[in-house]
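Next up, some structures in structure tokens.
Below are two complexes that have subunit A in common, paired first with subunit B and then with subunit C.
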Partner chain A sequence: MTMLQHSLAVIVVIALVFAIAKKCKACTELTLLLAAVGAIIAHLILPMGEDPRSALPFTEIIRHVVEGTFNYFDVCLTFLTATFFMTLYKEAGGVNYMVRQIVGRFYKKRILLLLLLTVVMMVPGAVTGSGATTVLTVGGLVGAVLAAMGVNEDRRVALIFLLAAMSAACPPINLWAMMAAAGANMPFVGFTWPLLILSGVGALVSTFYLTRGVRNTKPVEEVLGNLPEAPAGWNALRAFVPFVVMIVLIMGARIFPAWWPVFGLPMIFMISAGAVLICSPKKVKVMEIAVTTVQNLKELVGIMVVVGILNQTLTLTGARGLISLAVVILPIWLLFAALWLILPVAEGVLQYAVAPLFGVPLIMLFNMLGYNPVVALSCWSVMWPVGDCLPPTAVVGRAAVMEMNYKGNYYKGLVKNALVPMLVILALCTITMIFNKPVGDLLGV
Partner chain B sequence: MDILVLINTIITVCTYAVALFFLIAIVRSFLRTKKIQDALVYCIIMVPFILRLLRLK
Partner chain C sequence: MDKKLNLIKSIALCVIAFCMAVAGYLFWEHRNYKEPVVVSEYITEVKKLSDYSDVVKGTVNDSNVYIFDSGVEGGTFLIWGSTHPEEPAGVMAASLMVENLKVTQGKVIIIDRENNSASTNTRVGEAYPRFFTYETEWGTKIWRFGDRHANQLDSWPDPEVYIHYPSGQTLANVDIRNTNRNWPGKANGLLTERTNYAVMELIRQEGVDMTLDFHEAELEYTVENTIVVHEKGQAVAAMVSMDLTANTFDVPVGMEFSPTALHGLSHREVGDYSDAASYLVEVAEPMLDRIRGITDEELLMSGKDRFVMMAGDRGLLYAPIDENGWPIEKRVARHIAVATKIIEVNNTVNPDQVITIEGIPTYEEIMANGLAPYYHNPATAPAERVYYD
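Let's turn to the complex of A and B:
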């Protein structure tokens, strides 16, 4: 057995274990972990041909697994702290205050109201990188406003999903781009504009397409009556200070890099969370909110830890190289023609694991062919979250259904209504990917 | 520059404190869950946090 056949056999074992574990109703995180364990066992048992590697003692196997858990530790910490910040803000009543203010002032100005609601939906995902967080923090409230505006249930849940997906793609935190860039040893620099334009256009298309033909006929008092009250004491200053703190800490490092301390995103979000506690007129149970945050993010953080292990295992066994090779030798026209379909479907199966598995070899291929990898990766990173409503995982789609208490048919309601905006987003990303060089020149990346 | 070094040291210590804070939250979530699969996922998530706090990795 040659090394090529060995790696191929390892991939087959991974696919088999994955399929069996899924059949046995194991959750995605455990399925991926079992696939990684299966790969290690296959690597130990199967012969490695004429070029055998050094023997792999038990301690080395443990070392590789542990190394793997740390691959995305910083991303996990960023994710947890950002979501903690947003959950704290929500529990303190800040989100209620913001939404009530927007509705109270702009309810009769339909376009402005929709634009502001889109911004409200984009913020949590933009700072946390998670569509599920967007749904859990502001999805219910924005859904209530949309219902008051007369948007029907199917369209409403589809819009909440699409905005959550686009918010996850929105900069500064796009986990797919961060994970793929980290795997390809590529600095996460220059992504802001391409990600902002693609996700922003996607969000606006979704909002205005799914709210077409709707008129705000209810009196504003009735709409406000259906929204939860904000705790007494909130005002504009208190509501904005935590975000100002966050923006100052992020921008400070860019404007004064020579003498600004290196905070790192996790600390920036924790300091912003501290600002929420100082500004909040209501006392909140900090540890309870941290526990809620962990419970809400269990799947996503779990997947990132396990994907790290799987990635390490794939590298150890040579399977990652083989996958990369398979992607790199594909004709480029095929990628341009099929990625719009492959990426969302793969996201539905693998979740964030898709970024290091497919993103890294794709970056290398595009880089090798002289294309602009920053623009291309930005396009893929907006296409991936579109698949978050697809089975078997459908994390964000399911979160939207639960949060909105949606009783309709998932496919005929949510997916069917979201289909047109989804296709527009995928087409936009594909066109941008094809014209990556002129777009890169235009944006200066 | 000495002040910056001092500030960065403080930030490093705070980052460990943040890791400890979330480890406590993960342990609490682990103790509350009644589902075996969830408990296993919490155990896996705990690994990097514990090793980071023990400064083994």
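Let's turn to the complex of A and C:
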């Protein structure tokens, strides 16, 4: 058996175990864990190819599994703390206050309101690089305003997902581009305009497509009458201080990098949560909210942990290399024609790990072919987050469902409604990738 | 039903506890393993990096600084390995020099582990082995294998985006833990920035004329089997490249100018912020390619990978590879040959910086004998010659 056959067999085993576990109605987290275990067993049993291989003791297998669980450790901490911050804000009545203010002031100015909501959704992901953080911080608030505008539940949850995906792609921080650029030893320079244009167009298309036909014809008073009241004592200062704290802590590092301390996003969200407690006119049950936050996020965090294990297993067994090799050896015309499908699907399986997996070899390939790697990587880095609603992980899609308390059918509701904007975004990125050189010349990158 | 569920939960908890205990011990062992180095009998002094700047005092990156001072006036050459501990030829070449070097004119300073912290953990998601080994007549010599970024136990959290000091260039957030992205360092920065600041202080205080940073690179990467050099060293690097390519190596070693717009790298910033001419040398390491197959120590040391070969067959690589791979002996031998040739050529180009050395094997000797004869047994060596990295 050659190494190629070995790694291929491992992939087949993963697919088989996944299918069987799903058939037995195991949850996605358990299914992926079983698939990873199946991969390791297949790796140990099957001949490993032409060349000599090192022994793989049982203790080292355990070490690989545990090490894999730390793949997205920082991301999970960010999820937990961002959600804790926003849940505190929500429980304190801050979200109700903000929604009432926005609706009261902008309800009759539909276009302006939609643009404002789009910007509000784009900011958290743009500064953290995480679509789930966008959903977990402002998704509920924006969702409530959309509901007040009369946008139906299916479109609402689809829009929250799409804006979150585009916010993650939006500069200044796009984790996929940063990780791939770091892997290919490129500085993270020149990405601002291509990422901003692609993600901005994607966000606007999503917003106006999914709110089409909605007319703000009801009297503002009637709409406000249907919205929950904010607890007494809230005012603009109290409402904005926690967000100002968060923005100052994040932007301080950008503006004064030479002396600003590094807090890290989890700490920033915890400090912002502290600001909520100080500003809230109402007492909130902190421990209860902390426990609820962890309970609500256990599936999301669980899937990130298990995907980390799967990623480590794929690498160990050579399956990751085979997948990566299969992509870079495609004929270039086929690569251009297929990346719009390959990248989001891979994101659905491996999350951020796709950036080093595909991004680095693709950058090197594009470099070799004389293409513009900055424009090309920007296109891929906008296509990847589109896959965050796809199985098995569907991290941002799940977060949107959770945050919006969506009870409809995930595929017939969220995915179906998001499909047209998704295809537009993927088409736009594909066209930009094909014309990477003139686009690069035009943008000066 | 509840009883059954509780039983399942209890079993799961026990399995998790067992895995955590086993993995925890292995992580602890990796982080705390000390690499013995039997220094050459001609060494004059072993200092710590904190002797040059206390910004790294008490940290894991307060590395050993091995000094070979002939006492005869001449040039000063600083060499370091393990900027990226996932590139083992660097630390192996540096160790080999420390164990065998004799300097008869000028001064040579060597740091085996420039970013020691990064050698105390592996790269999550890359399925790396924890250690790599080399068989010698006296037993197995063991090194820690590592990441290209410092251990998060030593430097965490990362900023949302890394802004290089002092250029202001933006880089991926994890690169703040990559010592080859934050030269010339920062005295009040994070661990890796402080480490480079201390090395810059060493360069200034010791009056270093040349620096050499050992690296390895994936075969898909453009900067491969080459010397990257600051403007100050271009004449020397060009001659080193031509000489070794014509007379010694089977695969040519190129020469590239250090880009002026790319900041944080040793070949750019060391040259810009000190009087030294800065060199960085790369050699092929298939283990670093994302398209590699099964990941294990065998691949790391033999450099044999069928998937990388398939990419090579399709013209997707910047270095040749066949079924013989890129064995560690060849990678270390190339580093050693580049280091010695830089000294030799610099002696003619800059006669006020003459350095003469002995005891270091040639490329041909390493290829013929392997590396084993050049690493010494710490168990039988005099205790005063055994140091730990």
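What to note about this one:
Convention: the second predicted complex is superposed on the first by the 260 of 445 C-alpha atoms of A that agree within 3 Å, B and C clash if a C-alpha of one lies under 4 Å from a C-alpha of the other, contacts with A are read in each partner's own complex, and residues count from 1 in each chain.
Here is the rule we go by: contacts are C-beta pairs under 8 Å (C-beta built on N, C-alpha and C of every residue); 3 or more make two chains touch, one makes a residue touch a chain.
Everything numeric here is computed off the predicted structure, so don't read it as measured data.
In the superposed model, A:Asn152 lies in contact with neither subunit B nor subunit C.
In the superposition on chain A, contact of A:Gly183 is made with subunit C only, not with subunit B. When the two structures are aligned on the shared chain, A:Leu357 is found in touch with subunit C, with no touch to subunit B.
In the superposition on chain A, contact of A:Val306 is made with subunit B only, not with subunit C.
In the superposition on chain A, A:Val66 makes contact with both subunit B and subunit C. In the superposed pair of complexes, A:Gln101 makes contact with neither subunit B nor subunit C. For subunit A, the partner with contacts to more residues, out of subunit B and subunit C, is C. By the touch criterion stated above, A:Val294 is placed in contact with subunit B alone, subunit C being left untouched. Within the superposed three-chain model, A:Gly264 lies in touch with subunit B and with subunit C [touch as defined at top]. Shared-chain residue A:Leu33: touches subunit B; no touch with subunit C.
Residues common to the contacts of subunit A with subunit B and with subunit C across the two structures: 66-67, 70, 259, 262-264, 266-267. Against subunit C, the residues of subunit A that register as touching in their complex are 2-4, 6-7, 43, 48-54, 56, 59-60, 62-68, 70-71, 74, 127-129, 172-173, 178-179, 181-185, 187-189, 250, 253-254, 257-259, 262-267, 308, 311-313, 315-318, 320-322, 324-325, 328-329, 353, 356-357, 360-361, 364-365, 367-368.
Contact residues of subunit C toward subunit A in the complex are 18-20, 22-24, 26-27, 122, 124-127, 129-130, 156-161, 163, 165-166, 168-176, 178, 186, 188, 190, 218, 220-223, 262-263, 289-298, 302, 304, 306-307, 310-311, 314, 316, 318, 323. The part of subunit A that touches subunit B in the complex is made up of residues 26-27, 29-30, 33, 66-67, 69-70, 73, 76-77, 80-81, 259, 261-264, 266-267, 270, 287, 290-291, 293-295, 298-299, 301-302, 305-306.
Contacts from subunit B toward subunit A in the complex involve residues 4, 7-8, 11, 14-15, 18-19, 21-22, 24-26, 28-29, 32, 37-38, 40-42, 44-45, 47-48, 51-52, 57.
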